[in-house]
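Next up, some structures in structure tokens.
Each of the next two complexes has chain A plus one other chain: chain B in the first, chain C in the second.
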Partner chain A sequence: MIQHTEEIRAGWCVVAVRGRADAEAADELEEALKAALKQNSKVAADFSGLDYISSAGLRAVLQAARAAQTLEAEFAICRLSPSVKKVFDMSRLHQILRVHGELPC
Partner chain B sequence: MLTMLEEIVLLAVDEKTGCLRSVREYATAYALVGAVFFDLALARKIDTDTETIEVIDTTPTGNATLDRVLSDMARRTHLKTVEAWIEQLFYGRDDIEGEALKSLIERGILRHQKSKLMWIIDVESYPMVNNKPQKFVADRLASAILGDEIPDTRDIMLVSIAAPCGLLSYVLVEDALERRRRRIDLLCHLETISRKVSAAIVSLDAARRNVIPRMI
Partner chain C sequence: MKARRSVWHNQAIQSETKFALDGSLKQLERLTDEVARFCSERSLGDDMKFDLDLALEELFVNSVRHGGCDGMEEAVEIRLRADGTSVLVEFSDRGVPFDPTSAPPPNLDAPAEERQPGGLGIHLVRQMMRDFKYRREGDRNQISMRREG
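And now, the complex of A and B:
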């Protein structure tokens, strides 16, 4: 289960996500990120409150990143918790996504 | 839409002979077994993290192969890793292959042909009736590898199962594969379940190949 909020900061739409990004929450995560990307040219996903990500959750992030490419929007993943960072590192997501320690705004 | 399992079978079918190809013994068999996990993951029946695999929904998918595996996974809860399950499913590989071929015949994509080799040995083959689906799968694989965009989830999975099982050599020439080695490696790592399935196949295949010479 996840909770998410949106906030505009210095031209960026910051989507703050909390909870567990598992199969049950994957659709909600993908839709939240894609909806933000449709309405904003710069989207930062703040994952500091995300304490777990499964394969389905990771697929949701990847598909949001794919949508960002199609929409030619800037998309950054920021402030990963240690457990989620471990999954991102294993997946080498930093090679195709902008992954930051801090928010870009 | 075809299942991942059916798409892998199509990749393995030799368009000229109708026989199922394999670059080494069991390579295609492992690809078929791995594809079952991708179908279950795409249907949101299973999920994985860095350690375990779990059934999250036991509602049948309507596909006999997937439902049999799903019900088996729900029942045998002591098997918790992708590698353990791939090893388990490997023993039922002939059923998985047979059911996928039957489905492709029913869809009018392949046909079943029996012939004799040297007038004695029965040979079964599956000549292509409609080669468009095979071309569609091969084109998606080629685009995912040769392009720089983030591919669709199914195509990421397709690359990650085709690569360790040698099926990419049926789609792209060796030079192109060599040039895009880093891209292929990246796609194989992108997704947790893809990475787990691909690593399990490499490990089990290597173990099997190690054991056979020792037995001889």
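And now, the complex of A and C:
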């Protein structure tokens, strides 16, 4: 199960994601991030409340990043928990994506 | 004199758990719950729980999405066995023959659109698990692997 909230802060739309980004929740995550990217030129995904991610969840984040490129929007992935960071590291996606320790705003 | 089960013997029995999942992604919640219970009953840490959960999700989702297990009752059977601080995992499904251990490693530096579907999940399993083995037995794919403690 996955939940998200949106908040505008210093020109950034911060999408705070909580829960589990598994294969069942991946579509919901992708849609939430893409919807924010369509309406905002700067989007930060706050993953501090994300407990778990699988390859399906990673793919959702990757699709959102590709949408950001098409829309010419800024997309930052922030505050990964240690276990979620481990999955990003194993996948080497952090080389393609903009991953930050802290929020940009 | 009647034979009595020693405490040690009981612990040996409890070191294993087995459950079946239907071929539906809705079963992921059940998978997570089973892994969490197995780990908490044996005082295995959060890292172990996370890795078992992730490796099993990847195999299960592959079976449902690419292995023909979608909609199949009791499509997948999972057995977890504690062995000291390690956990032995046996995963079997009734899907089409597929050997994930011989799947080519994904080109992680390739653009997303050039990556093979399912390749990333198997790559994650390989990173976390040891002794990743496959055999076809009758109408089942049998995968075994070990997460070291």
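Going forward, the second predicted complex is superposed on the first by the 105 of 105 C-alpha atoms of A that agree within 3 Å, B and C clash if a C-alpha of one lies under 4 Å from a C-alpha of the other, contacts with A are read in each partner's own complex, and residues count from 1 in each chain.
By definition in this document, a residue touches a chain if its C-beta (ideal position, glycine included) is under 8 Å from a C-beta of that chain, and two chains touch if they have at least 3 such contacts.
Note that the coordinates shown come from a computational prediction; the quantities given were computed from them, not determined experimentally.
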item: When chain B and chain C are modelled together on chain A, clash or fit; value: clash
item: Touched partner set for A:Leu80, first chain B, second chain C, both or neither; value: neither
item: Partner chain in contact with A:Val14 - chain B first, chain C second, else both or neither; value: neither
item: Partner chain(s) touched by A:Asp22 [first = chain B, second = chain C, both, neither]; value: both
item: Touched partner set for A:Gln69, first chain B, second chain C, both or neither; value: first
item: Which of chain B and chain C A:Val43 touches, first, second, both or neither; value: neither
item: Superposed model, chain B segment overlapping chain C, candidates 43-51, 97-105, 115-123 or 169-177; value: 43-51
item: Shared chain A surface residues [contacts with chain B and with chain C]; value: 22-24, 52, 54-56, 58-59, 62-63, 66, 87, 90-92, 95-96
item: Partner chain A, residues of chain C touching it in the complex; value: 25-26, 28-29, 32, 46-47, 50, 53-54, 57-58, 61, 65, 108-109, 112, 120-121, 123-124, 127-128
item: In the complex, chain A residues that touch chain C; value: 1, 20, 22-24, 52, 54-56, 58-59, 62-63, 66, 83, 87, 90-92, 95-96
item: Chain A-facing residues of chain B, complex; value: 41, 44, 47-50, 56-57, 149-153, 156, 186, 189-193, 195-196
item: Residue numbers on chain A that touch chain B, as the complex places them; value: 22-24, 26, 52-56, 58-59, 62-63, 65-66, 69, 86-87, 90-93, 95-96
